Structures are given as structure tokens and as C-alpha cells.
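Order of writing sets the chain letters: A, B, C and D. Residues in each chain are counted from 1.
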Amino acid sequence: MILRLGQIELFVTDLDKSKEFYVDVLGFIEVERTKESLYLRAIDEFDRYTLILTKKPKAALGSFGLRVSSPEYLEVLKKKHEGLGIKTEYCLESPHPGKGPTLKVEEPNGFPVEFYHSMEQIQVGNPNGGVDALPMRHSHLFKGIPPICIDHVNLRVPNVDKALEYWTEIGFSISEFVRGDDGKFAAWTRAKTSTHDVALVKHQKASLHHIAYIVDGVSGVVRTADLLADAGYRDSIEYGPGRHGVTNAFFLYVRDPDGHRVEIYSGDYKRDTDLPPIGWTKEEYDEKGRLWWGPTVPERFFETTPLNSAWLNSVTHK
Amino acid sequence: MILRLGQIELFVTDLDKSKEFYVDVLGFIEVERTKESLYLRAIDEFDRYTLILTKKPKAALGSFGLRVSSPEYLEVLKKKHEGLGIKTEYCLESPHPGKGPTLKVEEPNGFPVEFYHSMEQIQVGNPNGGVDALPMRHSHLFKGIPPICIDHVNLRVPNVDKALEYWTEIGFSISEFVRGDDGKFAAWTRAKTSTHDVALVKHQKASLHHIAYIVDGVSGVVRTADLLADAGYRDSIEYGPGRHGVTNAFFLYVRDPDGHRVEIYSGDYKRDTDLPPIGWTKEEYDEKGRLWWGPTVPERFFETTPLNSAWLNSVTHK
Amino acid sequence: MILRLGQIELFVTDLDKSKEFYVDVLGFIEVERTKESLYLRAIDEFDRYTLILTKKPKAALGSFGLRVSSPEYLEVLKKKHEGLGIKTEYCLESPHPGKGPTLKVEEPNGFPVEFYHSMEQIQVGNPNGGVDALPMRHSHLFKGIPPICIDHVNLRVPNVDKALEYWTEIGFSISEFVRGDDGKFAAWTRAKTSTHDVALVKHQKASLHHIAYIVDGVSGVVRTADLLADAGYRDSIEYGPGRHGVTNAFFLYVRDPDGHRVEIYSGDYKRDTDLPPIGWTKEEYDEKGRLWWGPTVPERFFETTPLNSAWLNSVTHK
Amino acid sequence: MILRLGQIELFVTDLDKSKEFYVDVLGFIEVERTKESLYLRAIDEFDRYTLILTKKPKAALGSFGLRVSSPEYLEVLKKKHEGLGIKTEYCLESPHPGKGPTLKVEEPNGFPVEFYHSMEQIQVGNPNGGVDALPMRHSHLFKGIPPICIDHVNLRVPNVDKALEYWTEIGFSISEFVRGDDGKFAAWTRAKTSTHDVALVKHQKASLHHIAYIVDGVSGVVRTADLLADAGYRDSIEYGPGRHGVTNAFFLYVRDPDGHRVEIYSGDYKRDTDLPPIGWTKEEYDEKGRLWWGPTVPERFFETTPLNSAWLNSVTHK
């Protein structure tokens, strides 16, 4: 089965600037840097990295990766996609360090999606076979307001119901949704028990709205805003803090040096994935779902990020 | 599949005193009170209740309930238990309000375990088909330091490896464990992606050590201690606050009026259940696993709670 | 000497609505209610009350009170005001419970100011001569997000430099100020060591902009916004949360049912009052002083509250 | 008048070890290091430094400094001390950078006390005459859990009432005290409006028990314990966290590499210094004053630090 969103690759135009923003200011852990890519991790994570920033001429969503419960399940997914008429690419070797085979697909709306099982785990052990310290117990080495873990991607799609056909087919369930006049306006879907791994919101063009990392509590969110302003990155604070009615997230949306939007948030809840979704009317969503309380949404919050234009074959033919 | 620990029933000797402790002081939400039982919920929960306090002549662990993903899975579990030679009882109707059929078993160490799928959900909807507010968005009605959600039970068993045979057989995986001289000293097992639903620690007699609820952040834990002392319940604070090395929990152990131990904590982490467990040596556990830092463990922390002595047939023959 | 701002009286049009807002939702402690007034206190305060809400046909600033270090100092202030040509009224008996003599003056801009020394203190003692508990150690009785203590008033005046002549004459010192083209644009003045008891900001008309209470940390500010939205008071959230550059306050401005603006904040700093003030240029203030970071200021944030139009003689002739 | 405790000098035996503890782990700001001394500051402070660690063969309390409101007041204090028959030393030039004249005295119990007015302030201004940022708004440069500001010293004296004669004579007032069988057992005295600048507790020998710095909220205290354990300094955590009944402090006592005890705390309250002190009986203190709640006090908590044995003349004759 699919377990969760486990990895995101963003294309960025300047690795140094990205490093300054994500590592030096926000406090992501720098795991490795190659000529092409910067590999980052949040502090509670056991995966060696969850965010890949890859240098490209143009900023875009490189891909996002969904972790599955076994190597065999990649085969199951391959067949399922073939059955859906979706082209797949099975890559025995990932170009990224410590990563096992991946199944690459282009989701019906064109999103570059990757399924994988094997990912290098960080060492918590000491040489004698026991444990040194859990990953989060290195606070003396942290700086900034390091996020705790990766959470979700928020995608914009022309037709939410149609997009849901794919996502529910591969096993995602809906936690909350918004009824529009003309089918659903939005749906939060997930493999794990939180409110979302993949959110789908209506928009004229398939594109990425934001990626999201969780920080420690509401004070972690506020201190991230302080931190950015203190470090001279006030303009990177795009929107918030405020409270979403849908999902209950206490949010802050920030923009990285390439304009990628990152939601820094806290306050999600857990719910069994078999339970019926919570449905908001569009009126309720507009009145209190989008914003339980918070500042007015600025215009630039509606801008989105384009997708990797060379997803399939991008690795094998490079 | 089994999803998570979803419910605990404790036998208590005085419902009024229990109500004062759990509801009036700690801030659990009182859902319903019958002649026999008090039904309580934490603030982020959608299940109508997760803690049942039932009046009995003697304090004991009544049972704990594990939620499964479908009604059919109760059948699967029934057969699996029969295959293991474990007696089961299928109860079409639970004595508790809003609860569907349950499969009752006596786990090999004698623990009263219940499997169930259907549980009444709280209403988040308004009469016109939409949403009023998510459960946690009623903070104006809360008092005390209400916990966020149920998390786990900590069981004491004479032989951890043997107990693990059962728990892994029904699908639990180990997140962390401690190697003893003579098999495992302890193991934290779970169905969900947190560190534990059911912890197993070596002890001469099968018994309950504590139940656990999560509160909001480290300040929630500290404010719970303040709250108890302010309300005249200082003696109920048994141990903590401190930080466990294993599981990373920032903990406070409190005792309810019947002596049931409740861990009020924060700081758990998430990890995919297919990943290999983290193994501590007994030396590491004694040195930093039990206590990453914190006060010395008081003697009474090793006392445990007996089990429901009339589990099977307790409902049908009452 | 003058010690600090110690009390504020607001005229409100409906005591029940005020009670619901301040007591039932925000969590102020209701101390006493007479036919005319509601007396409230924050949780760390030893003064029996610090906020008086008095029923009147029109909402206005009733007065604000400054506590002095001795009864004799009221005499000193009386003479000082006479020397400044400011009319005073010495009231041997305050109409408010537990309050000693007051010296009432109309500050040069018309603000109703009261000086007092004696104010009833809450009982922390037990009958046998010792201590029960400090005031903040009754958390089991609190609800909402009760503020910790009163802090300041923010006044609007046509000429800040001129207003400062009075306030520095009676012993206030400036913590921070903003240089305008035409004299100071704003000045934060205080008797105590925090950044302000009385802030003065340029405006066409002498009026009250807001009163301010401190809450516990940035999470206290955020939880106040949650609380108001949860209780159906979202429209009462006027502006914030955000961080002021000047004074470092992490702020939330809310409006009570009469439109009185209350700043709920955290993050002030302490500084000796003899040290030279910190001066911002108007450009710096506009760029980062008003808002280190935070949402755009809404138009209604510039509205202000009129003053008690019957201050002197209001008590003696009633 | 005397304003507050403003500075502490501790004698330490190894500056590198001290630097690692205070700067690299805890997050104090390193201001300057000379051959003899390390100068440190907390993040909300405008004084260039408040903690001086000076290399000496033996660990001791070097001195503590009380800031006064004007240079002239040093003269007043000189005469007052002469009137009390206490030897003074007026040092026109302090050996410490950025510090003006000091009046050194040996307090009746032998404590090395210094009065001073002039202390270099950190630059908050930009070259064009305005403001860059307040000191606490450099969070991108902070690490660890940096304290917010200096608060108090806790002294042990053979006779509290006798010690109080001196401290009240020079203008300190008592916030809280404990009645013993034989005069006061303890008294918390202050110049500022918090609960203490100088605490006095009965002990056979005049000595220093601890110095104290404030951190941001209860979570700051807990995160300091986490930080120390994470950095391998678990043994430096001596006692806590817990809540004092007296003063309401949420405390953690840690030991620096020389054994100096530092209280890292949060939760003090403000109260006008003219108000009558709060008196606890010894029974109340033992029952709930020392510990509103918290772990049992370990034996080593009663150890104390000796005093600078060469206080007067230590500067002029060096």
C-alpha cells in the first residue's frame, strides 16, 4: 500500500541562495550537497532526506515521491497504472543517493509522481549495536526553527472530481472536501492518517500551489515569521499566520528565493482513513473554511508553480 | 487491518471522584453519564468517546479496544484467534452507547482486549449538510488542560518475547525495544505510525502500568502539573516531568483517584511501521533510554493495576 | 513617584455583552458587579481589579489611573498640577469599591487621568496568618485565555511633543520614539521599566486608540485569536497577529462589543528608565517599526475612542 | 536609587569549558573575551554584558553589581555605607570594558557587592541616526535556548533578619518571606518590581546558592533541559523542572563546569515594591512554598559557592 508523501524535489535556480534560505535561516538539516542538488531533512525524520533542491534553469516542481510498504507494491502499482492507461517508468537505480528503485508516473493532470520503497535511514545506532540518540535529540546542533517533518503537497487542478478518480483509485481517501456548484471545489486526500498528503484545489491550470512542513506548535509558526524578518527575509513571508477552518492548520506561507511556496504549519489532526470525509459547502468554505480567522489573502497567494516539463525520461535519457 | 488503540475502559470505585479528576480538573469532555459509566473524550477526537470509567467494587483495567478497518475484519480476527487457540466472544451489541459489534478476546497474558469497527462519530455538520466546526475548534467550551487524543496502553508481562508473538501475529510492529539478558526487556508496538499503541515491559505479573493521552506540547505537560497542584491534587503527580530517551516522550505520570496511572505527554514521533525497529541495549536503556533526563523514579512508579477478572462473558452474562 | 498604569475605566453600553466578551470568552476574572459597573482582574494581579466597565449611554474612555508610591505623593502631584495650571479634583472617597483617595486631573489634551495610591489587594493569606496561594495559582478556576496583567494605554494626540511636555514633567520617561517631519510622530512613555504605560501617537484629535493587556507568550496571543473565532467573535479580531518593531510586541488587536480596542500581546522588554530613548526615523518606522512583520493594517484600525466628556466633577456632582 | 541587579562576576577555573557551557550550549551571547575574562549577555539585554566569567585558581562568587539611577547616587551610597560603618572603595575606572566608576563594598555578611551607574549599551542604531533592530530581533544569530535577561542572586546567610537590616537600609523591599522559629528563615528582596534581585536564605555560612537568568516561558525551561541532555551535559541538570510556591518560578537548576548553580526559570510576577510583603509560615513553606509541585530536592542542591576572598582592594592592588 501507499504509506505517505515522503519526498519532494524542487527545481531551483541558485543552490547557494536556496541553501541560505532553507539551511542557514530556517534550520533544515543539510544532509549532502552534490553539484546538482542539495539534500535536506527535518529534525524528526529518519529518512536521510525528504527535500531535494536541484539546480535547473527554471524553477519548477521536480516531482514528489510517495513511499510504499514493500518493493513488491511497486509492481502492483505498475500494473494498476498500466490498467489506467498511464505510462510508467521503472527506474532500478535512482539518481539520488541512498534511494532504491522508483516507479515514475505522470499523473493524469501531468504531475510528476514517483513511488518508492527503499530509502536510506539515518543512523541512530552506536557501533556496538545499540542506540545513540533519536534524530530529534540533537537540539544542540540545530539552529533557526527547524521543521519537524514533511507533510503534504497542495496541487491545483482544472477538475477536482476528475483528479480524485486517480487519487482514490490508487488508494488515497478524502479527509475533507468542498462542494462547488460544478463538482468539488477542493479535496484533501491522504494515505496516512493526517488530513492530507495531497490536496487538490480547482484552478485553471495544473500546477503546484505549495509544499508543507510541520513545525513545533503555534509558537514554532510565529517564531518562524520572527526568524525570517530578523534575518532580512520579511518579504518571504507571504501570508499568515492564521488558522484554516479546513484541516485546522495554523499556517504561515513563505516563499523561497525561487518563489516556491512553503507552508510552515502546526495543528493538524489524526483521523482513521476509512471514516467518511467531512464536506463543507462552498459558502461555508468561503466564510470560515479557508480562514477560521486570519488576515485577508494577498493577491500573490494565488500564483502557482509550473511542473517538471521533462518528467518521464528525464532520468534515463539525461 | 487493525488501525489503532481507540478506547480504554477503567474500573473505578467512585464515579463522582473520577468525574472531578478527569472532567472538572484535567478537562476531559464529559460525553455521557449512565448509572454505571462515565464516557469521556479528548478535544481532537472524532470518536464520541475514548475513555470509559465504569463503577465497580474494585479498580482494574476493564479492557482496551482496538479499532479495525472494516466490519469484515472482525471475522478475520475471529478466525485468526481461533487458529491461535484463543477463545473469542463476538458481541453483536456493545453495552456501550453508539458502539457497534465487538470481538472480545483474552490475550495470552490475560489482558482484556476488544476489537471493534463501528463507533459513533461526533457531529461536525450543520443541519443543512455542511460543517459547523471541527471538534478542536470549541476552545471556548474547554477548561483545564484538555488532552488532545488517546495514545497507548503500557502493559507489564512476565515474558516480553512471548507476548510479542501474539502482538506481531495480529499485525503490530515494533518501533523500539530493549534487549535484556534473557530476551527482550521491553518493546513498544503499534498498529498506527506513532511509537506505540501497546507497550510491553517485563514484570513478574501481567498487569497494566499506565494509559496515555497526548496534550499540546511541552507547555501542555507542565501546565497539567500546575493545574493539578493548583486544584489540590499535587499528590496525584507521581513522576515527572522528564524526557524519555525511548520514544522521545516528554512525560508526566499522574494517578487518578483510584490509583490508575495516566501518562500525560507530548513529543512522540511518526515512523513507517515497516521499517526495522530501533534496539537499545539494557545498559543504554538504563543509562539514557528510560530517562533522557528527569528526576529519579519514585518507588511507587513500579506499582501496577490488576486486570478485569471477568472479561469473557462479562457482558453476555451480566 | 508615579509607579505605573494601574487601572482603566471604559464606558460601555451593555454590561451583559461586555461581561460575555471579557469574562465568559476572554477569561478575565469577574471580581464584582454593581448596577453600574463590572470590575475585572487579570490572573497575575494583586490589585483587586484593574479594569472597570461602567454602563453609560455612549462608549468612551472613562479614565485611566496611575498608581503612586505613597498617599503623600498625591499632594505633591496636586501642587505640581496647580503649578502647571491644570485643574485638579481631590476625591477623598472613590466611587469604586476598595479604592482610596484619588486625585483627578484633566491632562492638557483632555484625557481623564486619575492618580491614586491605595487599592484593595486580593487575599493571598489563609486565616492563620500564612499564605494559601499566589493569585496565578488558581489555574483550575480559569477559563478562556486569561490575560496576565494590565499594561498600557495608547493615546492619540494632535501634537506629540507638546503632550510629552506634560508626561515628562510628571516623571514619565521615553523608551522609544519616532521622529516626524514636524516634531515627534510618536513616543512610548513609562513610569515602570517596561516600554510603555502611556503611548502617544499623532492624530488630528485627542482620543484613545487602545488599552493593552499582556498574555502568556506568543501562544497565548494566537490562542486568544482561536478562542474568539471559536466562540463566534471572529469579527472582534481586528488586526494581527504580527510583530511590532517598536517595543517588540507580538500583538493582536481585538474590539470589544462597544468597539473599544484591546491589544492582547506578549514580548515586551525591560529597560532602566534613565537610559536614553531609542529613536526611529519616520521612514524606519513606516518600513519596519510599526510592523517588523505582519498583515497589512486594515482601515478601521485607525478609528479611535472618544473621551469621558464629564471627567472633572463627574463623581462629586453625580 | 538602586535600580536592579545588573551584573554578576563568577570566578571559574577554565574559560574554555565555561565558554562551551554558557555560549556553545546554552546560547549566551559572547560579547568579548580577554585573557582573564569572558563577557556574556542574554538576548533581551541592552547592557553590553551582564555575566563576567573570570579565570581564577578557585571557583567563587567574584561579585555582583547593582545598577543605580545616577552617578551622584554612588556618592549617596558611599556616605550611607560610611554611616553604617561599612568600608567602601570608589573605583574611578573599572577593570571591565565599557563600565564606568564603581563603588565597591563588602556587605555585612561578606558578600562582594558593587554599585555602578554607567555601563556601555549595545548599539541598536544605524549610522544615519535611526534604529536597526532591537537586541532580541537577531534570532537568526541565536542558538541553544538563550536566556532573556539576568534576574537575581540567591544568597545564604547565617541570620536573615540581620542581613535584611542592611538590604532594607539601602532601599530593597521584601516581596515574600518565610517566618522561622527564630526570626525569618528566608526573604526575597528587590529594588525592581519583580520578586527578587537578592534572595536571602538561612544557612550556617554566608555563601552563594545560585544566580538566575530568565528564559522564554515554561517551554524555554524544558527545552533547556533537553538541550543540556542532548549536548551531553545531563549531569549538569541538578534539580527540576518544578514550580516554586514562593515567587511562582518554574525552575530548572543547572551546574556549570565549576559547579556554579544557575537557575534557568520563567514565571515570575510583578508587584509594586511599596506593598506589604507576603509572609509564609515555615510549615507552609516546607509544604508548598519551596515546591508547589516538583521532584524531591537532591542532597547536592544544598551545596553553596564560596565568596571572592579578596574583594576590597582586589582591583586597586592587582
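To be clear about the criterion, a residue touches a chain if its C-beta (ideal position, glycine included) is under 8 Å from a C-beta of that chain, and two chains touch if they have at least 3 such contacts.
Per UniProt, the chains are A, B, C, D = 3,4-dihydroxyphenylacetate 2,3-dioxygenase.
Predicted, not measured: the structure shown is a model, and the values here were computed from it.
Undergrad: What chains do chain A and chain B have as common neighbours?
TA: Touches both chain A and chain B: C, D.
Undergrad: How many Å are there between the centre of chain C and the centre of chain D, using C-alpha atoms for each centre?
TA: So the centroids are 31 Å from each other.
Undergrad: Measure off the straight-line distance from the CA centroid of chain B to the CA centroid of chain C, and report it in whole Å.
TA: Distance between chain centres: 47 Å.
Undergrad: Mind checking the centre-to-centre distance between chain B and chain D? Centres are C-alpha means, answer in whole Å.
TA: That gives a centre separation of 45 Å.
Undergrad: Do you know which chain B residues sit against two or more other chains?
TA: 133, 137, 217, 219, 223, 226, 229, 288, 292
Undergrad: Can the chain contact pattern be summarised as a line, a ring, a star, a complete graph, or none of these (other)?
TA: complete
Undergrad: Within the complex, which stretch of chain A touches chain C?
TA: 217-219, 221-223, 225-226, 228-229, 234, 237, 241, 243, 250, 288, 292-293, 295-296, 298
Undergrad: Give every residue of chain B touching chain C within the complex, in rising order.
TA: Within the complex, chain B touches chain C at residues 24-25, 133, 137-140, 142-144, 219, 223, 226-227, 229-231.
Undergrad: Using the touch definition from the top, list the residues of chain B that touch chain A in their complex.
TA: Against chain A, chain B makes touches at 3-4, 44, 46, 67, 69-70, 121, 124-126, 128-131, 133-137, 149, 179, 192-193, 216-217, 245, 248, 269-272, 274-275, 278-281, 283-284, 288-289, 292.
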